[in-house]
Amino acid sequence: MASSDIRTTFQSFRDDIDAYNDRRERLIKASRDITNLSKKTIFLLHRLVLENAESLDDREVYLAAAKKGYEKLREVQNAYAGLRAELEADMFWRYERQVSPGLQEYIEALSFAWYLEHGSLIPFSEVQKSISDSDGKAYFPLTVADYLLGLSDLTGELMRFAISGLSRKGGRKKAMEVCAFVRTCKADFDRFTPFIYELRKKQSVTTQSLEKIEDTVYAICVRSSEYDLPPEMLDDIVGSISQSSRSKRGDEDEE
Amino acid sequence: MASSDIRTTFQSFRDDIDAYNDRRERLIKASRDITNLSKKTIFLLHRLVLENAESLDDREVYLAAAKKGYEKLREVQNAYAGLRAELEADMFWRYERQVSPGLQEYIEALSFAWYLEHGSLIPFSEVQKSISDSDGKAYFPLTVADYLLGLSDLTGELMRFAISGLSRKGGRKKAMEVCAFVRTCKADFDRFTPFIYELRKKQSVTTQSLEKIEDTVYAICVRSSEYDLPPEMLDDIVGSISQSSRSKRGDEDEE
Amino acid sequence: MDPSELDQINAFLEGDSELREKIKDQVNEFDKKARKMVGLLNRIHFTPTDALPALLESVKPILNDCQAVIKALADSVPPNQFWRWKDMWSNSLRTAVFAAVLVEYLSSGQLASLQQVSEQLGMKEEWKDRVTLTVEDYLQGVISVVNELSRLAVNSVTLGNFDQPIKISAFVKDLFVGFSMLNLKNDTLRRRFDSLKYDMKKIEEVVYDVSLRKLTSVPTLTST
Amino acid sequence: MDPSELDQINAFLEGDSELREKIKDQVNEFDKKARKMVGLLNRIHFTPTDALPALLESVKPILNDCQAVIKALADSVPPNQFWRWKDMWSNSLRTAVFAAVLVEYLSSGQLASLQQVSEQLGMKEEWKDRVTLTVEDYLQGVISVVNELSRLAVNSVTLGNFDQPIKISAFVKDLFVGFSMLNLKNDTLRRRFDSLKYDMKKIEEVVYDVSLRKLTSVPTLTST
Amino acid sequence: MDPSELDQINAFLEGDSELREKIKDQVNEFDKKARKMVGLLNRIHFTPTDALPALLESVKPILNDCQAVIKALADSVPPNQFWRWKDMWSNSLRTAVFAAVLVEYLSSGQLASLQQVSEQLGMKEEWKDRVTLTVEDYLQGVISVVNELSRLAVNSVTLGNFDQPIKISAFVKDLFVGFSMLNLKNDTLRRRFDSLKYDMKKIEEVVYDVSLRKLTSVPTLTST
Amino acid sequence: MDPSELDQINAFLEGDSELREKIKDQVNEFDKKARKMVGLLNRIHFTPTDALPALLESVKPILNDCQAVIKALADSVPPNQFWRWKDMWSNSLRTAVFAAVLVEYLSSGQLASLQQVSEQLGMKEEWKDRVTLTVEDYLQGVISVVNELSRLAVNSVTLGNFDQPIKISAFVKDLFVGFSMLNLKNDTLRRRFDSLKYDMKKIEEVVYDVSLRKLTSVPTLTST
Amino acid sequence: MDPSELDQINAFLEGDSELREKIKDQVNEFDKKARKMVGLLNRIHFTPTDALPALLESVKPILNDCQAVIKALADSVPPNQFWRWKDMWSNSLRTAVFAAVLVEYLSSGQLASLQQVSEQLGMKEEWKDRVTLTVEDYLQGVISVVNELSRLAVNSVTLGNFDQPIKISAFVKDLFVGFSMLNLKNDTLRRRFDSLKYDMKKIEEVVYDVSLRKLTSVPTLTST
Amino acid sequence: MDPSELDQINAFLEGDSELREKIKDQVNEFDKKARKMVGLLNRIHFTPTDALPALLESVKPILNDCQAVIKALADSVPPNQFWRWKDMWSNSLRTAVFAAVLVEYLSSGQLASLQQVSEQLGMKEEWKDRVTLTVEDYLQGVISVVNELSRLAVNSVTLGNFDQPIKISAFVKDLFVGFSMLNLKNDTLRRRFDSLKYDMKKIEEVVYDVSLRKLTSVPTLTST
């Protein structure tokens, strides 16, 4: 190639590299937005559960929260619909590193809402369906790794959910349920750690979360054993005393 | 095991661990001494070559230096004879990490002396022989890895040898010889890098050394080309001027 | 190089490093005051309820003294250079916020707002390009207060004050809900917020013990 | 280098790397069994006391299967090269020790000795220059058991078994005294031993909670 | 997780890891060839100008052999998964590009284009979603050629060929201008491009030495 | 270069590394004794109150033995070189301080002063340019005692000694107030002091548990 | 927590990260222009003396274009927040300074002062709380010019311009003397200044080569 | 904690940090002088031979002034604490050694011995537990002189002094042999010694050029 040919060739390389960088930049931004939306959804779910702490029925509160969560996540799903063209054919794999973080955060949020609704782990097919069009055609292929890594993050949120929910009515019972659930998750995921390197690191976070929940459940058991009263009655007693103190403080506020 | 049994058992563990640590400590110290002796030998070889810079015959200087080097290294060989019992059977492999550093330094020194004598790479069998008794029984098995890693360090010393020797008579020609020799070493070792991880790192040091020698040889060629005189005559001219200046400085010293 | 330009540059470089020294000295002063307040406030954990007002009163003058140090800082920092130097004093400032908010809560049961704390520390609107109280510094201070209150809940029971944990519980729960309304991205803040739930849990346990004890072993004591 | 020497060294290195591949395959097998046992033993944390024996029984056959893998390893390793290759399988081996010791403790309340574990894993005296159970690997496995027991102390209380933590506490205390007799250098074992302190503390806190509330009939151990 | 889902995921992951093993084996083959070419090309530094053509000829058959390995890779990779697996072979591929471009330059003084190299390595258009030569891999290979040429400039002077550095300088300058036209992000390519500056400088110093001493007849290039 | 100067320099360089070896051997001895005391003192956590004096007595002879090792160190270190070598033994020394202070507290309920500890370890005024007990080493040892006492508070309740935590609480509170009056600039020391808060909190929780359940006759301390 | 305060805090937290995005986009623009100038100025190394003015002219319009980008930056940065954001663009700005100073030197043989460069980049006095040219950024740019001139000294000899190195040597010596009069405390600046010695050495070697061979008519400078 | 002990400890801690400040200030002074000498000595590279004595004379007073700073240091450092603080000033001290040795060489052609330099800097035997010149600091300074002389060899030729390089060559060769007699283990020193061979090589090249030129182009000049 002569001098001038080199210049022409490098011009075409420049176009190629610029196109790559531009698309990458777009995907990073979109992914960052998706991460933020998903994080906000998770915050929202925690908030909705917490705010309605005095409500009568757990199921209802959780269902309502999940519903609002799904609504908010529709924004994410629309964003993915919009990215469809960017991720066609082998493009998904090319930009996987840019897409994965947001996608995993989305799966974390979606699985949290699903857990509130069903009390179980969202299946792979449901996640793939949520990022497919109405004909069931996927916007891009969901990888097993992203699916598992997203779910693995869920256990941390469930730990927060269990511990901050302790003072809710029925929070103690709920904490025990979550404990059993996270235990199963950990055992299930263990099987996949030889295949997915990042899962190994996340499993140790899951183990920590699990031990935090176990410690919480332990503290509940120790105390209920000491007083030897059924948990519901304990809840009622504590609730009524906190309540009376709270309304008293409320009075003071009005002064 | 009952409480008291546990104590007895751990007492035996303590003896085991103490014995291991003591032997390890002895080998580390011995290895450190061997490293120091070998380093000193290398220094000595450089010094002998440098001090006799004005001598008439290269060969003679190198042979004399090598001989003194071998003598000094006999101390190392005696040390290894003394360690024979410590490294019997599978013990060599157990303490390999403590033994290797000193051994590699020894091989570096030995191969430097060998190079001065023969102008070639010392063979594996010669190294093994040097750490065997008079019946040819090895004090411990020499590993291929230690052999190669020791030789790899030699290239660094040869670089020093070539560059500091430049101002000797014939130093320019010698630098060119060393350049060719180190080049061959590098090429030969390349073949083994997939098998020995540490060799990969050492190869990049060898490459640097080689490039430093190449730069030196380059500078020589550039200059001799400019003046277009045979190297020996150049040596003579420069030598005589430096000499006259040196003796003049000597006069001043006496004042 | 032009000699006058050289002199100018040199003067600038020397001025800069003197400025750093000067600010550092003032921050040291600030830090001493902040630590002194922390030392005094540590006593809330073994001060009986009736002696608490006196203890809080002893902290207030030091809080007031902070105004002078903060003013000195504002006077030292060149216009527009708040962001350049703020890391030097943000630790001390957060401690001062902690003290102000804790004193206010223990006095009135109320959360002092950013605005209130800012005023109490004597921050002036016209300094805001040199020294100001940022949202992050305020929130960090508030979180430290919650950490301290979970310890206080335990110790006030030891001192025989059984109502304190219940009040603290209500206050902290409110704060927790407040924090969960924020969309925190900032890593440090988020992590510290996360830790609040353990404080809540600890306080809950105390409330639990106290409530049940009142009903089971000490039935004569009722909440007032 | 002499061409024939070059070839000889090359042939030697290739043989070595084939051997490594072979050992690696066997270690993979070993590792699978070790993981499987860990998976099963993880269930102790939510298995009621009366269902525990059945769980332990399900682990034993896998422990036995390890014998075959270990024999295969011993057949592959050249004489006197135990120390050369042992790092490749020591993780799996330590996990197997962990399983053997944990199963024994939960079955009989006793510590399985190095000798016992060695036999259970089918180690032969005549292999000791190729495959053997070293003191370090045994101790590493034992420390992992303690890590697990500190978690079990917590979870057995949750399952309503208030005596378990007391028994665990006595067992771990004995072990801890044993470990403190060793002169450990600053190596992995030392670091792991240091971590035992946290396990001890955790177990002590559980025993504290249980005895404070008089939830157990077993007397807590004191030194003899 | 649903047991059938668990099994399904497991089966999928196992398939994946088998595929990885298979690709790895092929990459090992590729790597051997690449290393062999590097070994041969290392001789340019001490091969006199007239013996160079024979040396280059000895590399070409190995370059051709790469085609078979690359085809095998293309047969293994599932459709559309080029970007998933490419990191496994990109090192070997870049080395092959290096060899192809260096041989071409030393033979004809020309830069082999991406298209030419791609054909020489037997890449097929219809595989491009499985195995293809990307711009980045091509450029990485080209940069390695420049690294080598800066060393060659030095050594060819030693071999008495004073014109070689001048030619290399002109060639590298052209390439450098080309590279400066690219908008490189702060990635590996950028860092490697930055390293080109050192090569350029080195080459320029050789040209300087040669022209200062009037050792060459070739006129030194100036920009057009 | 003058040959005699060369020899002198050479002798100097070699002497230095022999000295290091010698000091290292003595530090190893010191370390063994320090560890032995830690091993014995670990038993306080499961020794009933009435058996404690005997345990403490068993530690004292080892403390005395430290004097010989410290003297040997002082004899090895060249004049004026305390600051050069002190990092080699400061860990062992801090452990010895820990042992001395803990034994004294458990015997008499008092804090051993720096002067007292220094004497007990046999430090001589005339060595102070070679071996001495610095303020920092003393304070580090004292902080380690507090860490241990928080664990002891828990375990003494298990052993049925409900007054111990109350006493410990008073002692630690006192120490904490003392430490907060120090202007710790030293980073390590400050960080370790900050960690005392966790010990305090733990001790307070034990006192809380005990007083909530009215298990002690000793009145809990309030500020004076 | 007061809802309106909460909203305010939330708004604040969100606004911040949008602002960062916006500034980042503008810095990208700035960076492109800076790189383009570097690309063009690289040609000085192979441009004959008589073609140099035309080359320098081609850089000037881009320098002018920087004014618009810098203005956009100044418009985006909130009042008083220069120090908060400056790190984002300081690299680009230093490159622009480099270009301005190098162009000026090659045109007039003079060092452009901070003031001159600042004007050339269109900095306005009234923005100084948002965007300004600091002494450090200016000096960093100047040091980069020296790095480039050492390379130019070499290449101008190749191009047959034997006087250029002598002129460069005088200019750099002057700068070096200037820099050594500054009290550089700033670590980065000092380290870069230390690196100037290598440039000086290189330039001196070129001057040596040229004067040894009597290739220049310009007398080499001696101190006055 | 005993109040008087507290006060004592506090006084000690404050004294320590004041001492650090004080030493730092004096080191700053020392550093200024050291840099000033470096600045002046940089001029040797463009000062004609006959003006050299005057230049060297201008450095000597500053060398003398160092005595006062060093004395101030010795007065500040408490007895026996040389090894505690020496790292703070060793950079400045090595620079002063560099200046003293370089001035001596350029004046008399001799190497100033450690003893001579020590005296010139006004070090007193009776301070040796506070401030002294160690072997390492001396050798580091000497190596820096060699680095400078290789540069001077080049520049003196430019200035028309063709004998200087030949003298320098003899001096440096002697030093190199001297250094090679030392058994260096110290890493920094060893690495710096290694670098000397490049200085030797550079000086050799200059001698080579000069020798040949004298015979070829300047035949009238013969060495005297």
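Per-chain numbering from 1; labels A, B, C, D, E, F, G and H assigned in written order.
Everything below uses one rule, namely that a contact is a pair of C-beta atoms (placed from the backbone, for glycine too) under 8 Å apart; a residue touches a chain by one contact, two chains touch by 3 or more.
Composition by chain, UniProt nomenclature: A, B, C, D, E, F, G, H = Translin.
Computed from a predicted model, the values in this text were never measured in an experiment.
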item: Comparison of A-E and A-D (more C-beta pairs in contact); value: A-E
item: Rounded Å distance between subunit D (Translin) and subunit G (Translin), as computed from the means of their C-alpha atoms; value: 63
item: Where subunit C (Translin) and subunit G (Translin) are represented by their mean Cα positions, the distance between them in whole Å; value: 44
item: Approximate Å spacing (C-alpha centroids) for the pair subunit A (Translin), subunit G (Translin); value: 48
item: Set of subunit B (Translin) residues in contact with two or more other chains; value: 191
item: Residues of subunit D (Translin) touching at least two other chains; value: 177, 181, 183
item: Every chain pair meeting the contact rule; value: A-C, A-D, A-E, B-D, B-E, B-H, C-F, C-G, D-F, E-G, F-H, G-H
item: Parts of subunit C (Translin) lying in touch with subunit A (Translin), wherever the complex brings them together; value: 109, 163, 166-167, 169-171, 173, 176-177, 180-181, 183, 185, 194, 197-198, 200-201, 204-205, 207-212, 214-216, 223
item: Subunit F (Translin) residues touching subunit H (Translin) - in the complex, by the definition given at the top; value: 1-2, 5-6, 9-10, 12-14, 17, 79-84, 111, 113-114, 128-129, 135, 139, 174-175, 177-179, 181-186
item: Subunit B (Translin) to subunit H (Translin) touching residues, read off their complex; value: 36, 39-40, 43, 46-47, 50-51, 160, 163-164, 166-167, 216, 219, 223, 227, 229, 234, 237-238, 241-242, 244-246, 248-249, 252
item: Residues of subunit B (Translin) touching subunit E (Translin) in the complex; value: 180, 183, 186-187, 190-191, 194, 211, 214-215, 217-218, 221-222, 225-226
item: Residue numbers on subunit G (Translin) that touch subunit E (Translin), as the complex places them; value: 32, 35, 38-39, 42-43, 45-48, 51, 151, 154-155, 157-159, 206, 209-210, 213
